[in-house]
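Just passing along the structure, written as structure tokens.
As written, the chains take the letters A, B, C, D, E, F, G and H, and residue 1 is the first residue of each chain.
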Amino acid sequence: MDPELLHQLLGNVAAGRTSVEDAAKRLQHLSFEDIDYAHIDHHRSLRKGFPEVIFGQGKTADQITGIMQRMMSQENTVLVTRIDRQQADQVVSILSDVIYHPDARMLVWERKKMPIRGKGTIVVLSAGTSDIPIAREACLTATVMGNQVESIFDVGVAGIHRLFDHKDLIDRASVLVVVAGMEGALPSVVAGMVSRPVIAVPTSVGYGVSLGGLTALFAMLNSCSSNVAVVNIDNGFGAGYMAAIINRI
Amino acid sequence: MDPELLHQLLGNVAAGRTSVEDAAKRLQHLSFEDIDYAHIDHHRSLRKGFPEVIFGQGKTADQITGIMQRMMSQENTVLVTRIDRQQADQVVSILSDVIYHPDARMLVWERKKMPIRGKGTIVVLSAGTSDIPIAREACLTATVMGNQVESIFDVGVAGIHRLFDHKDLIDRASVLVVVAGMEGALPSVVAGMVSRPVIAVPTSVGYGVSLGGLTALFAMLNSCSSNVAVVNIDNGFGAGYMAAIINRI
Amino acid sequence: MDPELLHQLLGNVAAGRTSVEDAAKRLQHLSFEDIDYAHIDHHRSLRKGFPEVIFGQGKTADQITGIMQRMMSQENTVLVTRIDRQQADQVVSILSDVIYHPDARMLVWERKKMPIRGKGTIVVLSAGTSDIPIAREACLTATVMGNQVESIFDVGVAGIHRLFDHKDLIDRASVLVVVAGMEGALPSVVAGMVSRPVIAVPTSVGYGVSLGGLTALFAMLNSCSSNVAVVNIDNGFGAGYMAAIINRI
Amino acid sequence: MDPELLHQLLGNVAAGRTSVEDAAKRLQHLSFEDIDYAHIDHHRSLRKGFPEVIFGQGKTADQITGIMQRMMSQENTVLVTRIDRQQADQVVSILSDVIYHPDARMLVWERKKMPIRGKGTIVVLSAGTSDIPIAREACLTATVMGNQVESIFDVGVAGIHRLFDHKDLIDRASVLVVVAGMEGALPSVVAGMVSRPVIAVPTSVGYGVSLGGLTALFAMLNSCSSNVAVVNIDNGFGAGYMAAIINRI
Amino acid sequence: MDPELLHQLLGNVAAGRTSVEDAAKRLQHLSFEDIDYAHIDHHRSLRKGFPEVIFGQGKTADQITGIMQRMMSQENTVLVTRIDRQQADQVVSILSDVIYHPDARMLVWERKKMPIRGKGTIVVLSAGTSDIPIAREACLTATVMGNQVESIFDVGVAGIHRLFDHKDLIDRASVLVVVAGMEGALPSVVAGMVSRPVIAVPTSVGYGVSLGGLTALFAMLNSCSSNVAVVNIDNGFGAGYMAAIINRI
Amino acid sequence: MDPELLHQLLGNVAAGRTSVEDAAKRLQHLSFEDIDYAHIDHHRSLRKGFPEVIFGQGKTADQITGIMQRMMSQENTVLVTRIDRQQADQVVSILSDVIYHPDARMLVWERKKMPIRGKGTIVVLSAGTSDIPIAREACLTATVMGNQVESIFDVGVAGIHRLFDHKDLIDRASVLVVVAGMEGALPSVVAGMVSRPVIAVPTSVGYGVSLGGLTALFAMLNSCSSNVAVVNIDNGFGAGYMAAIINRI
Amino acid sequence: MDPELLHQLLGNVAAGRTSVEDAAKRLQHLSFEDIDYAHIDHHRSLRKGFPEVIFGQGKTADQITGIMQRMMSQENTVLVTRIDRQQADQVVSILSDVIYHPDARMLVWERKKMPIRGKGTIVVLSAGTSDIPIAREACLTATVMGNQVESIFDVGVAGIHRLFDHKDLIDRASVLVVVAGMEGALPSVVAGMVSRPVIAVPTSVGYGVSLGGLTALFAMLNSCSSNVAVVNIDNGFGAGYMAAIINRI
Amino acid sequence: MDPELLHQLLGNVAAGRTSVEDAAKRLQHLSFEDIDYAHIDHHRSLRKGFPEVIFGQGKTADQITGIMQRMMSQENTVLVTRIDRQQADQVVSILSDVIYHPDARMLVWERKKMPIRGKGTIVVLSAGTSDIPIAREACLTATVMGNQVESIFDVGVAGIHRLFDHKDLIDRASVLVVVAGMEGALPSVVAGMVSRPVIAVPTSVGYGVSLGGLTALFAMLNSCSSNVAVVNIDNGFGAGYMAAIINRI
């Protein structure tokens, strides 16, 4: 349950604006709610500062809608990742204030915009045109979590002057997310230029021995720069999330 | 070159205490110094806030000593990682104010202690007794970089009550480093308890399908908790470094 | 041939209710029956206590129907696994007393319900919503084999309090089946809580370095808990079968 | 803490034979004891029916001795696995009532023999001469845990009549452990002969595409017999442990 | 060019029944014929005793037809492997005396039946129902190459008595082809029963860690029986071919 | 920007035929041009002698058209690789002077034919009929880059006399590109015959343990001939490009 | 038991030269003999035409000596493979008529030379100097089993004229064994030249992506020649054995 | 045989300075010489412009000495690669005019210095200190083959300014060899700066997921720069050889 909503509720009880019975009913699922196909972890936003995020892949539109509805009663923000347009349209036809971002394959519902909570600017870079959807997933996640986000796309190492042209913005970043497929070299180069933490995201872009992103992943884990940590292949959401909580230390 | 030393030097020139010629000579390698077998990156501490760290494995004691000597003239701190006792003893016999930490397999030289620069406490957890050396590498790195560090060892998931017994310390952490081999499950469980960033370190501890740490690595990258990013197998140094720069955002 | 049916037949011969010729004809395939595309092992239920189970994947609906018909004349129970709705519908249109369970992708025919033969309760747990079909396959298999089965779904380690909430049921189990994809950490945590055998089932749920379930499989085989043994990826049937025969020791 | 010892202690307190202070002191580490390099889980024998087992590989003889000493004050049985003769000799020179079993690479300390608790006979089979040490580890573990154990060695499938010669013993088994390297075919053949659970142990015996045991492991997981579950490569201990707890259902 | 046809042609020239010019024209492509997308190796039947076989997969129906037409003018037999029904129908609609065998996915054209040239009977065994198409490919290939072939299907090791029931035929074989997926154990067991060469064919049948046939392949290469050699996954044709030329030594 | 076009432009400015303002406007994107989804590297043809090549796979027809249009204003040649007919038709319907080569899956636009710049003949060989598309990609790339190119298809090592028949042409080559799938043996054999550099291209042709081209790749990297270097699986373009720049040394 | 020895024994019984009691005692282990660490399969030479062969690796010199002694009482030939000089010397010091062949790492004991039983000449080829030990293992095995064997070493494909120089011998072979490491191309080239069966042996010779012989193995399994079957990496013994039994069809 | 030596010999015959018999004897091994453990390919220097190079690993010092002696009678240059000091010392003690280069692990014998035959300068770059031995192997090979060679060591991408500092030399290169381990990013960055061919050499330097050089290899094969081709892991010799023959086009 969102901490702000919880405080409101308890404030209302203290002020006599809400009866104890009503509040108790509202809070009965504070730990988690069991809805047959899911144990929704309503306690997560209290414990972790951000509610559970719904992983759309492998769930039906009905399941997603059902989980969202229960979360919307208790949270300020609800996110769904990895959801394609067809499923998203089904959800939006029922929950009309949910917005689908096709370039990031995400659904977003916000009771109200989250205020900026991050300390500096998160900069998201990507190596190639085909890496952009994953980069957009990272941008959108960090933005929704209350951060100033800027992006630089298509600055792969084969024409490294394109990267240096953005040196000012890169130097200003408090946290960087670097997205790359194929040989996955961009995070090492970027991390060598800055003193800030870099979250590297390998993508499955490529063919032959790109091995579905394993080559980029392994290259990033072997980075000769020390200020790099890595998330799963194509996990733009995880990188944006990690950048957001780092930006709040 | 250490920023503080650079400022001192330029201050001395401004005040006439150091001649331009002497200062120029001292600064001639500011970008990097080429010593046959290495291009020492003296610019790194200006650019990245911490000097280059020497990767000991695969270098001779002579090479390590040579690089250290050149760095000690320009930096406040010099670290060597992955160096065994035999090589370390050779280095220490020449550079007597260098200290060897056998439990972390590291050499440390400090002109003076770095003041505490991190905002909160970094907590390092490890799953098994055999993971301790990697955990110690992380602890020592973060400490030398100016952080308050606490550690909790041998709290693997097979007896999960041992972990919960340390819940207060875990909740207090600003950044967590979690070290585990075998099935690599500890980072997921710890990350599910906190809102802070977790740097996960897989180790090569185990046998059979531990696959030299690959299983733990892949498990950590697949963590169902979003506040986890991962470094290379057995890379305790990298995790400690990453935690230190995150702790300074 | 089902042992009970065999006893009935021989009893009838002894009592003169069935002629020797008729009995001989009925028993001629006792070892196995060759029907062009299959050697049906009718001896299995005598030898192993449960008849051969038909692996549906890669067989035509006609082949499945043919094998089922021959088995139904000799057994009390016939199971088909990994059969999708389209094929199942074809089979059911011919063999009308067969029931299709779409959530477990199984066909079940029972001459009569098998009586409860297991000693305690088998508890099936699954980590995520997408693991449920495999978990259902395990539940249905163990139930048909004459066991009391209970299930707990969506209790992944990222919100471990959801698991502890079911501690009573977990403690009561005589055998546990634990189903998980991604990092496959749940069996280790569950096994650490109980003294009973845990059959772990990795699933192919996940992306990137989940490697189609290999990561979960390897993690489970590396479990730091000793009371864990593992079956093939997505093999819910095998886990249910194994749990059932353990429950009968 | 061993349940029997715990009952004795509490009985003594009730009878006034032990003061509350003494008992409290003895029980202060009931949950776990922290000895710098290990969190010893003294609670495990209460929770799981058997105390923590010490994984010797990667620990020093001093560490092993230290952990054993603390456990011996609280348990009836202490086991160490994967310990070579040199380390074992160091431990035995200090803890003289500990016995080293070189063929199983295990150390065993028993306050008194555990009574037979298993319901039937556990039968351990191995395919080749080189698989025997792993098979012995399984035998010894199950024996120490209070079971009747019999073994059949060197009955690989290339001369399958050797296996059938032991059919009586195999049919009598309540649980079977089958150990094999190379192509790992023995568990499938044995499991096809019986109705009881088979715990399969792949070994790293072989060369070329035995791949250090991975081929045997994968073959066993793909077994066309359903009554097979698998443990990690060379994990004779785990198989013996699993067989012991199954034998007690 | 088929040796028999070549002899006929040269005989006709010697007897004056064919002019030198006509013979020369017919023989001009004796080495190979270049038809834009293929170098047809007409010399192969002289050199190797059997003409080139067309690998259908990845070729268009037009390409296959074109190659067949040129070969039919010079050979007694033309085979195409791995061709699905749709492509085959297109070829047959043009070359009407070609026969499609859908159960082996092969096209066969024979000017006249090849006489029996093999010394004994080739026996083809397969482990499961799903392995049958690959087994049929082996049977058909060996038959077309002039051998007596017998087959035994669905005799996997989980019910090993089914195999022993065919012991007479197995003992009579001069060469054996054994086809199996999943754990690939059947070739080891069969080879342990006989003194004759066994050609093992792994199939891609299975799921999870069958790894598309790699597990069966590796298991067969690790066979503890010495009279086993292996061909590529699903390569029924190669096994039949190899058995045929061995049978002719 | 094409060096020739740049010289023309600057010549026009010098001669007063173009105003400084117009030239400046034309040159403003000389470094790169940012068009939302791509940073087009217009500087590449100055720096590398050939403009950026568009990797078609994973880009929409609209994106490809947009990038081509911007490049066509500044370059003499624009190439797109890995584009299927459907997407190509969309591009050609807008940019009518672009030519689609379906056998190489490439789009080519040339302001004027590039003059022959290579010193000798580049010879492209391929092992099997199915390798031809990749070989054609290499041929077309090297031709467009201004080279004399000849090709020899379907000369795999199973009928090695077909290869020797082309010995004259092979001996005349200044650079060779050798394309092969399956066991990838052709480059070793060809390289053993000549003193010139061989660029080897593994293809994904094959089945079973061809492993999508990995086997051919690894075989080529292990070539016992020293004059072989290798590019990614199916990367006919890269091989043609590399051959072209070598041919110009 | 060797068939000839068995006939002698029974002949002696028939002729009254041996008592029934003595014969019975001698035959009591006809099926197999259990000597604690091994089930010696004395029945094998009757069943398979050649006695069990002892795999030396992983056995102690004592175990090897013990098994040999029991076999020498019942067989005409006893072989040990993969035994290094140190162990061999220990065996020979006890069993003085055993001969060690260091170049093949084998021990051979022969009561009398086996007469030539193979129909033609077995030719063993190897690609490089480092492959010779494996080739020698194949030669020695086939020789001991009663075959005419010839060898051609160091004829790798990088200088293919060396191979063609031996064309006469190659054409004369009835069975060929081809041994190669690195890219493993030699079997394909040789098999393309002949109509006889080729047994290919990959070796672990090489570095980098030779992957311990996996690359050669996979290349051989992908051979574009159909008359190739493959044995495990470095398995010279198996190839010689297979060639010997093929040569006897 | 070296072409120059061959011309001298034939000139002497023509001039009557050498008898036909003597010349014939000298030329009898022109094709190859068979010395038991090797077929020395004396024809190679005529065919390929450079004699066979001896791969030292896995050969005895005696074998190396034997091969060298035979080659020294026919060639101007003899190279041995991958030979450690101990073996090298044995060779040099017999062949005193052979020189060992320990930093490149190579033996070199030159009748006389080869004149410079390459057109431009070959530049060899390496990423880290530990990559230097492989880089030195490339330098020495190219030098011996008659090229101007320059080297730049320790310019990894984590401090990319070190690389740009050498831009002039890089721009002047006619061919580049780039050596890197870990993430293998350097070749992409260098290739993006130049229009010349880059031969990339992955090294086995690193730990964890460097996977013995596979990660660097795969990254280089996936390079987003087109002017890169790759050789085997640690194959400095092959890269130097390839660069030398390219430099001579």
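FYI, a residue touches a chain if its C-beta (ideal position, glycine included) is under 8 Å from a C-beta of that chain, and two chains touch if they have at least 3 such contacts.
Just so you know, these numbers come straight off a predicted model, no measurement behind them.
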For the copies chain D and chain E, give the interface type as same if over half of its residue numbers appear on both sides, and as different if under half do. same
By mean C-alpha coordinates, which chain is most distant from chain G? A
As a test of understanding: of all chains, whose mean C-alpha position lies farthest from that of chain F? D
So which has more C-beta pairs touching, E-G or A-C? E-G
Once you find the CA centre of chain E and the CA centre of chain F, what distance in Å lies between them? 39
Chain E to chain H, mean C-alpha position gap in Å, rounds to 45
Could you give the separation in Å between the centres of chain A and chain G, each centre being the mean of its C-alpha atoms? 61
Averaging only over C-alpha atoms, locate the centres of chain C and chain F and give their separation in whole Å. 55
Which parts of chain A, given as residue numbers and ranges, touch two or more other chains? 128, 158-159, 193, 208-209, 214, 217, 221-222, 232-233
Chains touch one another in the pairs A-B, A-C, A-F, A-H, B-C, B-D, B-H, C-D, C-E, D-E, D-G, E-F, E-G, F-G, F-H, G-H
Under the touch definition given earlier, write down the residues of chain H that touch chain G in their complex. 31-32, 37-39, 41, 43-44, 52, 55, 57-59, 63, 82, 202, 204, 213-214, 217, 232-235
Chain G to chain E touching residues, read off their complex: 47-50, 53, 119-120, 174-175, 192-197, 199, 217, 221-222, 226-233, 237-239, 241-242, 245-247, 249
Would you tell me which residues of chain D are touching chain G in their complex? 128-130, 132, 153-155, 158-159, 161-162, 165, 205, 207-209
Listed in rising order, chain F residues that touch chain G in their complex are 127-128, 156-160, 182-185, 188-189, 191-193, 206, 208-211, 214-225
